[in-house]
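Once you've had a glance at the structure underneath, I'll fire off some questions.
Chain lettering (A, B, C and D) follows the sequence in which the chains are written, and residue indices restart at 1 in each chain.
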Amino acid sequence: MKLPAYIDMPFQKWKESFSFFNEVSVRFSETDMFGHMNNVIPFIYFEEARISYFKNLNMMKQHKQTMTVVASQQCDYLRQVMPYEDLRIYVKTSAVGSSSLTLHYLGENSAGEPCFTGAVVMVQVSKGSGKAVSWTNEEKEKLLHTP
Amino acid sequence: MKLPAYIDMPFQKWKESFSFFNEVSVRFSETDMFGHMNNVIPFIYFEEARISYFKNLNMMKQHKQTMTVVASQQCDYLRQVMPYEDLRIYVKTSAVGSSSLTLHYLGENSAGEPCFTGAVVMVQVSKGSGKAVSWTNEEKEKLLHTP
Amino acid sequence: MKLPAYIDMPFQKWKESFSFFNEVSVRFSETDMFGHMNNVIPFIYFEEARISYFKNLNMMKQHKQTMTVVASQQCDYLRQVMPYEDLRIYVKTSAVGSSSLTLHYLGENSAGEPCFTGAVVMVQVSKGSGKAVSWTNEEKEKLLHTP
Amino acid sequence: MKLPAYIDMPFQKWKESFSFFNEVSVRFSETDMFGHMNNVIPFIYFEEARISYFKNLNMMKQHKQTMTVVASQQCDYLRQVMPYEDLRIYVKTSAVGSSSLTLHYLGENSAGEPCFTGAVVMVQVSKGSGKAVSWTNEEKEKLLHTP
């Protein structure tokens, strides 16, 4: 298996580095005429998992003056996902820059098999000016060291 | 063909009473595992057709203090719709109340066959208070008599 | 509160007649620029609740030669739904015809307040011919008397 | 402007290398509570543009025994997109492997400003076995040299 560039370690090690996850069941309306989950859907799951992750870090309410916007995101598809499958969408911090943040994602089926992986680069910006706002040290700590 | 309750005239007559329409092509992501357009999708098309209809009546910009919210909507499915089909989504005013509005919809394929019909009841409300706001006579005229 | 035509009893009595429900949390991508859940979304929730309901009745696997298609569906909006709200989507059989089926829906927030209601008319058809197929007596019993 | 890794030339040159495009208008239901186009939506537009591109190359009907599946896709967000904006979704072949294909995307607003860019890696597989199937020379020519 050729790994995406953002996975810079053996897959098994990368997989074991996740702990936080969301659960989701693939909806009928999320299938397409090919009979499986449409390729657009993981990005919906990623968005929800990311929000749950931020809520879990208590980082949703603190940032009234700032918001965290998506600069870039990617999904790699490893295995077909069928209707009504129960998935775990894992999310973890991969790297924290001065005002940026890279999260990694892993979508796993109920047999523990990886179905898709992903990465997103986000930037914290001011709601007023739209300009990048640096993370505080406390936020960096939280993002990097919360399991 | 048994008609939905909101079509209170012969179908052909009802069909001919429309003139305004939006064009839409069924997207791949709008299909489901049954191989056709998912049943949720007409409501997306209805929403877009309605907005185009209001824009065409020049009723989108005038109403800064009010918004028109959906109270109830319905879709009746007459014919399967396949991926990539080109549809016309017709919309017309059926009735105007003091602050309410009933629109009718007709989704037609490129052979001119009706695929689905619909109706929506909307209410104009104040953005501030959320309370119903009556249409002006000019608005009623516009909604009822614009072809 | 003016009731939709399909609710032919006092609302409280209608509400108490449900027991089966699905839980769903409103997704960020299901909001729109008005800041609340988009009006199309209840139909996605209805579809999922209906499938869960059929699975619970063990009526998904038995019908290899038939499928149940949507003839008509409706949603009535009672209360704004905000992002991340946890909803219960109740579903119950309202009526069973020879090959048709009317289900009712109720979407309730975590405070137990009704947010939207709905109804769907479905028809059981042959996968081969597309023609209506009558329910067996056993199926009718199941649909009508399972709590 | 820092370019995504897949743009290995000056942006202006990259931009001018496109000619095929789809037109799309951002739907109300494609906005989110932040008041702009939700981040998931470009992937829907990419999918449609890709299908139009293949149809234009007459590569949709020929491949009865094979299908082209998405292995990986990415979107980079450059500029907010507002409701009802008219976009052009450009698509072009970037590279062709033995059985793989890399397409690039550019989403541009009506002022000609780039709003988002993207890349997708696809693989042609057998519908029967799921195994990779090499492109014919004719297909490679078509994919690489059609403007």
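Throughout what follows, a residue touches a chain if its C-beta (ideal position, glycine included) is under 8 Å from a C-beta of that chain, and two chains touch if they have at least 3 such contacts.
Please read all numbers here as calculations on a predicted model, not as lab measurements.
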item: Pair joined by the larger number of C-beta contacts - B-C, A-B; value: B-C
item: Of all other chains, the one whose Cα centre sits farthest from chain D; value: C
item: Whole-Å gap separating chain A and chain B, where each centre is the average of the chain's CA atoms; value: 37
item: Chain centre separation in whole Å, for chain C relative to chain B (CA means); value: 22
item: Sequence positions of chain A contacting 2 or more other chains; value: 28-29, 40, 44, 47
item: In the complex, chain A residues that touch chain C; value: 27-29, 44, 47-48, 51, 84
item: Chain A residues within the chain D interface of the complex; value: 4-5, 34, 39-40, 43-44, 47, 67, 69-77
item: List of chain D residues in touch with chain C within their complex; value: 28-29, 31-33, 35-36, 38, 40, 83
